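What follows is chain A paired twice: with chain B in the first complex and chain C in the second.
Our next item is the complex of A and B:
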């Protein structure tokens, strides 16, 4: 029976991480209409910034995480402002620009840090035992931070003027612009917010898993899968889909094995998309 | 006033100049030809393997070996058919994939490479072999695939045998030390995992240990679900087989976090230093046994690292796989000297087959492979079995082939 509860804990933990990544991904699509192929790159970059801050500058880990968020958010802001903004309505161009940015980030990390995983471990160690069930403390910390970050994003999007402005732009850019919203100011902010979320996830998760220049490869696939399942551009959809993906991955891998687990995940997503082609919470037509 | 000459005088003068002119042309052609020959005699040694991702350690070890062999050859005036040649290394990152290796072979061939050191893993070797055969390239590959070499690929040589040849004495050593009666062998679900894990499992079973196999999708970063599944069968030991060092370190870390206290093995490509680093230290590893491709504590073998630093001015790659790759790279270059060609890969292959296996650092061995692969193109050399007990490294024991 303890496998069932272990899988539940793993599912929640994976779901929270995926939600954080998917929220950033879907924010960019929902507000700008851009599919950000560099999302995995910001995740890996966040991990390396935190690692450099801890091992190079001797900063405590929480400050290193903050540094990772600020650096990735700043890079995202600047890239949107000076590069993406010029081609924001050209889907092919933005796809190539974000893909190019991903290649630049991963190659840059490879050149600076080398291909091998650096020694970067989470500062909280040990685990709690409940009978045969073991829960790693580091997973609980990550879960708590992810929960707070998701809550903060919801508060920002649904309870602040900035969030209302961003949602207005996502809903109908023309009408929002005539009402005084300024895309040139808000788009870089939204992009920076999303890349900061990816950086936060990288800084939190890579010390638990592994840090390498290619750490962002699987992240892009999972984020893409999650937001498509939730409905591109839907914040609630991304959160719920992330939890679904996390649970399917955990239960299928525990009960069917690693190979079958991946297969079940994709089959389930396929079935859901056949029933609801726009995803769980997606809309037929984007207003932006 | 212009000097006037009769037709006869002009013909005589031309006749006198003709030998001089011919000699000049001949000298120019000879010098030009020599210069051309010197220019042409540049041997490009291909280094094909994973240089990024979890298996990067193995690829970088292979690249380091090719660079060392090239530097040694250049330092000793590498001469083929009376011509002094320079050796350079051209590398390509396969990212441990079949398609990456196939693309890499095409890329290397387009750059004039005729001899390839690598690739490292089974998926890569499977992807590279048909393309290399089409280009007539000689490949000195490593892989524990069941079809790594064969009579249909006469230009493919094999660096070292698979687990059917070396796993038994290591499992025996671990069994004596830890007394395990059941094991879960975990590896990626592609040829680089299944071809090794299935053989490892057979070896465990042949020694009376219950073995089950567990596979994961290559690219997995969170092993928590797999670890939960492994632990549900309550094994005495877990063997990470041919999982790359990065993956193995992560599996070890998550196994220990989940409360597993039994011994952990790694009967696949070496990478203990990386596994220790990713797992979080030797205390986390605690009880561990592993395969080393060469006896890594032999001072003569370790001298390769000193030679690397002396010739290349930097530390040798960490992964001990390099020390075996050096043997393959050195032999390939020596075979070119013996065959007297830097382009005819068939002649070089013939010379390689006839060459005794006797490396100045790693020692004497033999050509093997006839029984398993149907072709005698596999290097067989002494190997090592490493052991960590209660967080203490007990070192690497030398094991002779067939022991």
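Our next item is the complex of A and C:
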């Protein structure tokens, strides 16, 4: 029975990480209509910035995480402002631009840090045990930080003027613009916010999993799966779908083994794309 | 709407929207024909290895190029390459080594798979089509790992007999290159025929699909035709790859390869058939000289993708053509 519960804890913890990634991804799609192929790149970059801050500058880990968020958010902001902004309505061009950025980030990391995974471990060690059940402390820390970040995003999007403006742009850009929202100001902000979330997740999670220049590949795939499942552009959908994906991965790895869980997810997503492209919880936001 | 209304004339696969191949298309065919001579001009291992990779890359890019004619960005090329490659290898292992049969099977089987698949996925457009083809490639990639009985799983399949032409065994490196060049020429002929025959139709779909449909074009027919032929050409590329590597392995058919083929096509220029040809030739050659196993090539592809998207929408071919036009205008 404790196998079941430990899988549940892993599932929640994975789900919270995926939610942070998927929220960023879905914000960019919902507000700008852009598929961000570079999302995994910002995750890997966040991990490497945190690693360099800890091992190079000797910063304490929480400050290193903050540095990772700032660097990835700034890069996302600048890239949107100077590069993506001019082509924001051309889906082919924005895909090339984000895909190109991803390839450059991962090659840049490879050139600077080399192909080996650096020694980067989580500062909190040990585990709590309840009966036969053991809960790693690092998982709890990640879960808590992710939970706070998710709460902060919801607050930002649903309780502040900035959030209202962003939601208005996502709903109908033309009407929102005539009402005085300024896409040129808000699009880079939204993009930077989203890439900062990817950087945060990278800085939190790569010390537990693994850090490598190609660490972003599986992240991109997971973000795709999650946002399609939840409905492209839907914030609540992304959060719920992230938990579903986390649980399926955790339970499949315990009870099915191998890549069966991934296959189940992919086939679910394929069926959803074909039968209900707006996702489980989505609504029609943008014409496909 | 009357269900029995006769289909408008322009909807038939008739010459109404067809045109003769243009100068760039003849030039592409000439390049492929010339490539057939290459194996007899050089014995150099490096040159023939790069030539092999270029020819395979060109074929895969032609498959991407056909889909881009209809404004559809496909990540499914590696999936169809895998189907073609594994089909040919499995046939050869059963003793059916006739090269004509293998080439035909590597085209026909992926094309047949693409028919029902196309009925499902071609309803999607834009971003959703990109995502669904991405997912298809991931699924096939996983399935290859999970069916060791048929595909050898993570070991792949190796040690299959060389293809034969009547009684001649096509095992030496020269015959491998000749076969690759012949398949690339065949792929180019099919592509030129398709895009000449459907030039106006594809252009109408690319420009405005809803408008084309409302004017009486049976859009799904052309999209299905393009998808099926694109799958077949990718399948031949898969066979060519297996024949060069002497093995088929799941790692050759992932999303990473889809990104490469996309880069070849878009950087070369998506507006003309010369684009994928020139894109694949230059980028494959460049990646052979960038770091060991071309690990830095990805960064170059990324940089070029960004530059093309920012300043040269027509890619290399488009930029050169614009330069010529400006010269002539002066």
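The definition used in the following text is that the second predicted complex is superposed on the first by the 274 of 288 C-alpha atoms of A that agree within 3 Å, B and C clash if a C-alpha of one lies under 4 Å from a C-alpha of the other, contacts with A are read in each partner's own complex, and residues count from 1 in each chain.
Keep in mind that, in the parts below, a residue touches a chain if its C-beta (ideal position, glycine included) is under 8 Å from a C-beta of that chain, and two chains touch if they have at least 3 such contacts.
Quantities reported herein were computed from a predicted structural model and do not represent experimental measurements.
J.: Are chain B and chain C a fit on chain A, or do they clash, once the structures share the same frame?
T.: Clash - chain B and chain C, as placed by superposing on chain A, overlap.
J.: On the A-aligned overlay, A:99 touches which partner chain: chain B = first, chain C = second, or both, or neither?
T.: second
J.: Touching A:134 in the superposition: chain B (first), chain C (second), both, neither?
T.: Touch status of A:134: first partner only.
J.: Just checking: does A:277 make contact with chain B only, chain C only, both, or neither of them? Give me first, second, both or neither.
T.: A:277: touches chain C, not chain B.
J.: Going by the contact rule set out at the top, does A:262 touch chain B (first), chain C (second), both, or neither?
T.: In the superposed model, A:262 contacts both chain B and chain C.
J.: Contacts for A:232 in the overlay, against chain B (first) and chain C (second): which applies, first, second, both or neither?
T.: Second partner only.
J.: Based on the superposed arrangement, let me know which partner A:210 touches: chain B (first), chain C (second), both, or neither?
T.: Touch status of A:210: first partner only.
J.: Could you look at A:148 and tell me whether it touches chain B, chain C, both or neither (first, second, both, neither)?
T.: neither
J.: Check the residue A:110 against both partner chains and state whether it touches chain B (first), chain C (second), both, or neither.
T.: Both chain B and chain C are touched by A:110.
J.: Now that the structures are stacked on chain A, which of 44-52, 98-106, 134-142 or 206-214 shows chain C clashing with chain B?
T.: 44-52
J.: Once the two structures are superposed, pull the chain A residues common to the chain B and chain C interfaces.
T.: 110, 115, 258-259, 262
J.: Considering the complex alone, what residue numbers of chain A touch chain B?
T.: Interface residues on the chain A side: 3, 6-7, 10, 13-14, 110, 115-117, 119, 121, 127, 129, 134, 136, 209-210, 212-215, 217-218, 249-250, 252-255, 257-259, 261-262.
J.: Which residues of chain A touch chain C in the complex?
T.: 29, 35, 83, 87, 91-93, 95-97, 99-104, 106-108, 110-111, 115, 221, 224-225, 228, 232, 258-260, 262-263, 266-267, 269-270, 273-274, 277, 287-288
J.: Using the touch rule from the top, collect the residues of chain C that touch chain A in their complex.
T.: For chain C paired with chain A, touching residues are 71, 73, 120-121, 123-132, 134-136, 138-139, 142-143, 145-146, 255, 259, 262, 266, 295-296, 298-306, 308-310, 313.
J.: Which stretch or stretches of chain B touch chain A in the complex?
T.: Its residues touching chain A are 51-54, 56-57, 60, 95, 189, 214-217, 219-222, 224-226, 228-229, 232, 246, 249-250, 257-259, 274, 277-278, 280, 318.
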